[in-house]
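Sending over a structure as structure tokens; questions will come in a sec.
Chain nomenclature is as follows: A, B and C, assigned in order of appearance, with residue numbering initiated at 1 for each chain independently.
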Amino acid sequence: MLQLFGKVKELRLWLQRFQSVIPERIMRPDDANIVGNVHGGTILKMIEEAGGIISTRHCNTQSGDRCVAALARVERTDFLHPMLIGEVAHVSAELTYTSRHSVEVQVNVMAENILTGSKKVTNKATLWYVPFSLQNVDKIIEVPQIEYASPEQEEEGKKRYEAQKMERLETKERNGEAIIPVISPEEYTVGFSQSSLIHLVGPSDCTLHGFVHGGVTMKLMDEVAGIVAARHCKTNIVTASVDAINFHRKIKKGCVVTVSGRMTFTSNKSMEIEVFVDADPLVETAKGKYRAVSAFFTYISLDKDGKPLPVPTLKLETQEEKKRFEEGKVRYLQTKAKRQAEQERQQ
Amino acid sequence: MLQLFGKVKELRLWLQRFQSVIPERIMRPDDANIVGNVHGGTILKMIEEAGGIISTRHCNTQSGDRCVAALARVERTDFLHPMLIGEVAHVSAELTYTSRHSVEVQVNVMAENILTGSKKVTNKATLWYVPFSLQNVDKIIEVPQIEYASPEQEEEGKKRYEAQKMERLETKERNGEAIIPVISPEEYTVGFSQSSLIHLVGPSDCTLHGFVHGGVTMKLMDEVAGIVAARHCKTNIVTASVDAINFHRKIKKGCVVTVSGRMTFTSNKSMEIEVFVDADPLVETAKGKYRAVSAFFTYISLDKDGKPLPVPTLKLETQEEKKRFEEGKVRYLQTKAKRQAEQERQQ
Amino acid sequence: MLQLFGKVKELRLWLQRFQSVIPERIMRPDDANIVGNVHGGTILKMIEEAGGIISTRHCNTQSGDRCVAALARVERTDFLHPMLIGEVAHVSAELTYTSRHSVEVQVNVMAENILTGSKKVTNKATLWYVPFSLQNVDKIIEVPQIEYASPEQEEEGKKRYEAQKMERLETKERNGEAIIPVISPEEYTVGFSQSSLIHLVGPSDCTLHGFVHGGVTMKLMDEVAGIVAARHCKTNIVTASVDAINFHRKIKKGCVVTVSGRMTFTSNKSMEIEVFVDADPLVETAKGKYRAVSAFFTYISLDKDGKPLPVPTLKLETQEEKKRFEEGKVRYLQTKAKRQAEQERQQ
């Protein structure tokens, strides 16, 4: 009898998952670079849209204020396989944890070649959303709690919640730096490849309430990181992974957004690029420019057959650059060790 | 035993349907008019994308040439409810019939308000696709046959197939006309509201093989029809239905497309607009301009609360206009009779 | 001491300039024609966005009404080199003059090939903006004055200001004409290539206050001019220059914009196309259609290696066409003489 009850619960949970978001979209030429690889930024944007829909839907399943879920954080994301133009992207999302004021969503992306029928998982991402009231934009509402298949599952979710909360606080402090332009820099230095773009936030970048979709911001960040990487190694490059991205503050319609990127670390076959997003609410003089988001992107360089190429070593000129390079190396080695551990566990 | 076999078959068919396309997308400000109603053209574009994915996928489930399914015809489509900005559109597609060289797809669109949880069906559309070989763009390949739940189901599909084939031939013959501009026309005449736009076909309008997506063409057609309707009644207007659309010839990348619309008929609360699509392959001097598509769109005029408004009667000036008005009236009365018959059947 | 003060002033002015807008964007397939040349209209749109941001930011550096800078005029702009898909566009903007109610901005565009590292200047444009209050859309606010490096610099700016003011008044008077359609025209005549498009102004075409971005209008103008040029010579064409564009009246969200183009002049290797923009505020019955913008675009025809091709001579049929051809010839010869003088000065 207990077993049957377990089954029913499992089924309900399975259905709960099933009702989650399943968008499909054909990848168009504009989504890709010149050799046909879909930009990491386009994939991040789809992931965020799916996460935003499932979170907003869930947080409105109770009485009280209607609300919109805003992206607060994306956990480290690996791009397992490239997606190509003409493939169909499937994005599925599942609620995996709820704290009092936030929702954890797991999003998976699959690329399907509809000509051959082959399918492969390209991304698995974990996102955190916070629901803001539509009646009062600064009020965070309480999240209806989900049921878990087992107490262990809930316990694990709680650990992930605590860990990300800690990390968000840490990154917030690091956020004072700016990228200063260098005049006639030498090749392979940080100054040589560093780049920035500005973007005036328009209506179609925004949610119903005039705040920029997290996915739009991530797409811009990937664009800048990609330019930095291409300038450094002058080859075709693709996003390999994105470190945790924290959304410290919301960005409003009408702001000018400055997205800046600089290379922090190179291994033999990868480049790490730090990206900052600063928002400038042009018309509101009271508030100044502020740092809204920051993150690390890792890129690899590919030859014509899609095989990884060696990357020129970054030339370090200042103490600051050397320090950042060492920190990047630590992140690189940690990720490498984690990946090896996972591979061993799977064997 | 036989009963069980029937169940298994049903289950397989159910799964076959289940494998169909289920995209989801939040409607953005750009998808809608100034009062927040999503453009009929945006919905038609989503419908066609879903139909194209499921057809292309199905026609590649056999060995031999890889192929892409091109839209050949859309059956008459009603817009049952308006869709609003901020709602999530769900599009589901199902293969319902296969002839030797064509595929029938049924697509349903549902609008979900993720804040209140309410869902309503906004559209049901039937589309016909023809698979073209990727090795030879002019070769139509054979379609793998689907299995039917019953012989009756197959028989009904065959009838629909024959009926649309007949109708396609008929419209092809009507297609010689052009819209001639009128200088300083009087208000409420055909010449007063008639409009046309030109569009240079770009890469993102096209399939992998450089032919315009049927959905892109339908979106342009709805845009012109909407402008004709708005010019006539100077109010907020929405698409109420689209008559069968036949795609006579493919349109290639680099063509200039001219989309022209003129009002043909007005009832008390609706306007019928005829839309032509002509393609001009600029650079290839050998071939001239040709008529690629034509269709009738029906619009209604809405007040601020979304209630239908009376429409000014079309002023007819020529024998041709009177003839077209009478033909439009016949279509209007036929549709009205059909709808009443359906309502009675459902009671 | 005085010298030092001068240096400090220079430095401050340099910083002021430096804080100006530096966007960067990779050129996508949709930005370009079928052989990979980025549309002139896409570049004009980027230029205007940069100019709008720096002007709006500057005009909000004082207390009082918040405002948005609207484009009033673009001086003659040459496209010095084609920009290609995959290149990175750099746009930098600098405030060069302020009158009581207007701002002059100098925008430079550079194309960088990030694979080879090569950079070249593709455009230099001068734009004039007028700041409108956000509290009252019809009120123009006073512009905070910039400091000049020298009295001469200020004097030169004033001269440019007076000259453009005069020219704006002149063009305003010329603006009564309309493009009348021709039935079954002969090849190479004006009627053969003349074209027009209609566009329903949507939310993403607009500023925060519901007025069309000048850059959006210029992109549509370039699109029509390009189609006229391609219809005339049936080859790959690119924008070579744009004569001064005056924005006589603002265009509001919800308007239908009609953009019409006709060829006015051909030299051996160039075509001049006159483009009109008319706005029709559909729903507001009180106001009728009005002429919002007009300008001359010059196009050249290119072979597969990007070398200029001879252009078929325009066949003139009416006295009006002959008059416009002669006027076009004068503009052509003036520009040619100016360019030669500049080249000599630089040697």
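Points to keep in mind about this one:
Everything below uses one rule, namely that a residue touches a chain if its C-beta (ideal position, glycine included) is under 8 Å from a C-beta of that chain, and two chains touch if they have at least 3 such contacts.
This is a predicted model, so every value here is computed, not measured.
Interface note: chain A and chain C, two copies of one sequence, contact each other through mostly non-matching residue numbers (shared numbers fall below half of all numbers used).
The copies chain A and chain B differ by a rotation of 180 degrees on their C-alpha atoms, rounded to the nearest 5.
Chain geometry summary: the mean Cα position of chain A and that of chain C are 37 Å apart. In chain B, 29-30, 203-204 are the positions where the chain touches two or more neighbouring chains simultaneously. Contacts from chain A toward chain B in the complex involve residues 21-26, 28-30, 49-50, 52-53, 56-57, 60-61, 66-67, 85-86, 88, 112, 114-117, 134, 203-204, 206, 208. Residues 29-30, 33-34, 181, 195-200, 202-204, 223-224, 226-227, 230-231, 234-235, 253-254, 256, 280, 282-285 of chain A are the ones that touch chain C when the two sit in their complex.
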